[in-house]
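I'd like to ask you about the structure that follows.
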Amino acid sequence: MTAPAASERTRRLPKQADPAAPLLVVDGLKTYFTLESGVVHAVDGVSFRLDHGEALGIAGESGCGKTTTALSLIRLLPPNARIEAGSIRLYGIDLVPKSANALRRYRWREISMVFQGAMNALNPVHRLRDQIAEPIVERLGLDEREARRRAGDLLELVGIPRKRGNAYPHELSGGMRQRAMIAMALACDPAIMIGDEPTTALDVMIQAQILELLERLRAQLGLSLILITHDLSVIAETCDRVLIMYAGRVAEEGPVREVFTRPRHPYTQKLLAAFPNIQADRRTLDVIPGLPPDLRHPPPGCRFAPRCPFVMPVCTEVVPPEVTFGDAVRVACHLYPEGSSGVPVTVPPEPVTAARP
Amino acid sequence: MSASVTTPDAFGDVPARRRLASSGDLFRRLLRRPDGLIGVVILVTFGLLAVGPDLLVGPLQTAVTAVGPRLSPPSAAFPLGTDELGRSLVNLTAHATRISMVIGLLATAITVGIGALLGIVSGYVGGRTDAAIMRVADFFLVIPTFVLAIILTSIIRDLAGSGAREVFGIRFGLIAIVVVIGITSWSSTARIIRSQTLSLKERAFVDRARAVGAGNLHIMRRHILPNVINLIVANAVLVFAGAVLTETTLSFVGLGDPFQPSWGQLLDASREVGAPSLGAWWYFVPPGLCIVVVVFAFTLVGGALDDLLNPKRRQRR
Amino acid sequence: MSGHYVARRFATAAFTIVLIVLINFVLFRAMPGSPERVLARNPNVTPELLAQTRARWGFDKPLFPDQFVRYVAATAQLDLGYTFRGRPVADVLAQRIWPTVLLFGLGEAIAIVVGLALGAYSGWRRGGPIDLVGNGVSLLLYSTPYFLLGMALLLIFATGLGWFPTFGMSTTGATFANPVDWLIDVLRHLALPLTTVSLGLIGQYAIVMRSSIIETLSEDYITTARAMGLRDGRVLRRHALPNAMLPTVTLVAINLGYVVAGAITVEVVFNWPGLGTLTVDALASRDYGVLQGVFLLLSVAVVLANLAADLVYGLFDPRVRA
């Protein structure tokens, strides 16, 4: 398959698209779940932006709302979840007010998704080639034969021999299935591909291969990536920018190099401390003492305050505003108020520590 | 699975006291569900009726003690009408409740007893024993056990006679039905208990018991059984529904006992006098409704218990 | 489908049939007093016939292997002995099987189509009006013995409204001018028993299909299909249904063994001249030869149906096929 030029993609932009608008701008997104026991504020005011050809990593502990954020983009939410507020602008078109049927047209053609366990994300009773060809026929309107040919091309693009298109999912290894899933996600030549923990279930060698593949596809196809993971090393290797989420909100966001070398938010610092060597060590993030807050009753101020070593009186009362600094890093923390130097604070202020019980 | 039901604590063990508390907890959670509550209320009602029909409607009427007109529709004196002998359907249905429920209970006890025993042994011992037991279980699962039950019941009666002997107040001819239901319907229980035993066998506390030298019998009795007991209860509720239906059907094809009529026996009698063709709905509607309501209630409770014990039940094989 | 899978299914079916024959032998030959029990009850048995039968089955020889070998050989040649009236059991079965096949073949077909469709729709629109009503009705039907349903239908539609005849397969003593009239007569007799059978089965199949669909809908590949922007109908037809059908095929087949009980009683209620009425009549007169034949026939039929279901399953599930 020849890589479609960026111009080719612009030709089939949605009708209302504004050519001057950025690719994707999410602003103040709030997605809540309604349970019997209360309303869970899973995503509570998240904003970010994704440009053409860019790779954004979203990281955080499980339950921080990173997957819900991604699923909100194509409204692939369970029945008890609702987008309460905010906007999702793709080429300047707000997807939030769209009807279910109108939104359906954006799925896969504009935003596609690679899910975690490709074992279960592929339908066990259909051949790979048919599964990849299905969206090509259904969404792009190509005929069956042409769709199958393109499915074969896509398989080769992700490094699976064309012939293996005859195989059923269970006949493939985990790595192969994930490659097939990626081929499927590329079927409609989308502008954005979301990877939800795309390498988590795989062993280290295969992980490296998949990441390499994503990297290559991005360069070759001009694809924009959103990579959701709890594994910071994956983001360090593949992404341009990183967004750290905590309890449904953005803690810190900025270029990978800046955030990883000079973390400002205490939560980011803790996360990175859990990864002494990004290249070699892959420990989980659960080494920070304490638990994330109950999102049915989130704390009134900063949500990290109960676990924060730097906690100040203001933290438990006032929600910290997001402040963007000169190096394009955005932080939501009272240690870095508007107009401050933005120099990372790494030593807890003495009196506060003493005051802690 | 709720942490309080069967999940072991951090050391992989389930202390006996907590287990008992959790059975009570299971029951409380059952009553909090609408289906569980409705089912339990219905079953308690029928249970009480089964315990003392004499107190409510007097002793079972016979051809001799019958006082009403023959096959008469409901009236003030006979609110549910009478049968062809002039017996009150209120009296008959109430006594049939006792017979049907007791037979159902006994049959369930045998079915679940055999099923649990074979399931635990099969799962725990494994190997060829397991393969053999499961082959036989599959056999009973597939073949039309009802025809086998018909044949077995008549053969047992031929060999042992229907006699006037009674067990638990039930005449021997009916006890034959109880035994036959037990022999022919244990497979699904055995399968369920076996798969739970298999997963328990891998748990730490069984290894520890083995390490301190506990024998297999001891482990099965003291460590496996207490941990599958909730599952056994949930299954027993569903088995009861099946047992009531099977007994009803066996009685309907003529294996009931006219001297101890169950609901099925009443239905058979009503068919033999041609009640549906004569328009004598009062003869078969009362026992029929009882069967539907009781089986429905057992299915509700069994399904609710099943949900509570395995919220993520996988039925795939 | 791999040869291994097919071979194993055939082996299981063969094993089950062997076990059935063995049980028959034990029940009717090996239990104490069996031959006498079978023969002595028959009022038509003369001493000569008794002696003849004894010689035929080798009752003077040891139980094993002589009697067993003879029994198996006879069964294999469809020699199932004689009824009380002296007719070969195999002939009686052959005559009575067709009404049953007609009634239950049609009933199963209707119930599978309607039940699976109802269950699939209920599960797909879980919590919707059709689901709430359908699931309630299915549970009630599931709790109702077939014959009770039959008696109720008989009371309402035959006795009460007089729309349908009350018993039999055709009007007794009637002669028909042409085959169409005869067919209409049979269909009028068939209507109520067929409705009973279908309704009884629809409840079970709807419940099975509903839970299967609900489970399938929680699978990740359904999320993938939705993420692709496929229409709801296509997600259901192409992705959910094929997967949900698989366990249903097995459950429907296993259920056949239980359906037999219903089959017998429905025939009794409507006096349908099939295997069910045959069974109950034989039971009343303790005609063990017939009972044994019915058991053998129905068991083998159910086992073969299960074998067929397993093979169909293998055909549709690539995980088994490989």
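As written, the chain order gives the labels A, B and C, with residue 1 at the start of each chain.
The rule is short, and it goes like this: a contact is a pair of C-beta atoms (placed from the backbone, for glycine too) under 8 Å apart; a residue touches a chain by one contact, two chains touch by 3 or more.
All values derive from a computational prediction rather than experimental measurement.
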| item | value |
| --- | --- |
| Contact graph of the chains (line, ring, star, complete, other) | line |
| B-C against A-C, pair bridged by the larger set of C-beta contacts | B-C |
| Interchain centroid distance [CA atoms averaged], chain A/chain B, Å | 53 |
| Distance from chain C to chain B - Cα centre to Cα centre, in angstrom | 23 |
| Between chain C and chain A, distance of the C-alpha-averaged centres to the nearest whole Å | 54 |
| Interface residues, chain B side, partner chain C - complex | 135, 138-139, 141-148, 150-152, 154-155, 158-159, 241, 245-246, 248-249, 252-255, 264, 267, 270-271, 275-279, 281, 284-285, 288, 291-293, 295-296, 299-300, 314-317 |
| Residues of chain A touching chain C in the complex | 74, 76, 104-109, 112-113, 115, 117, 120-126, 134-135, 138-139, 168, 170-171, 181, 184 |
| In the complex with chain B, residue positions of chain C that touch it | 12, 15-16, 19-20, 23, 27, 31-33, 37, 139-140, 142-145, 147-148, 151-152, 154-155, 158-160, 166-167, 211-212, 215, 247, 250, 254, 256-258, 260-262, 264-265, 268-269, 279-280, 283-284, 286, 288, 291-292, 294-295, 298-299, 302-303, 306 |
| Contact footprint of chain A on chain C as seen in their complex | 219-221, 223-231, 234, 238-239, 242-243, 246, 316-319, 322 |
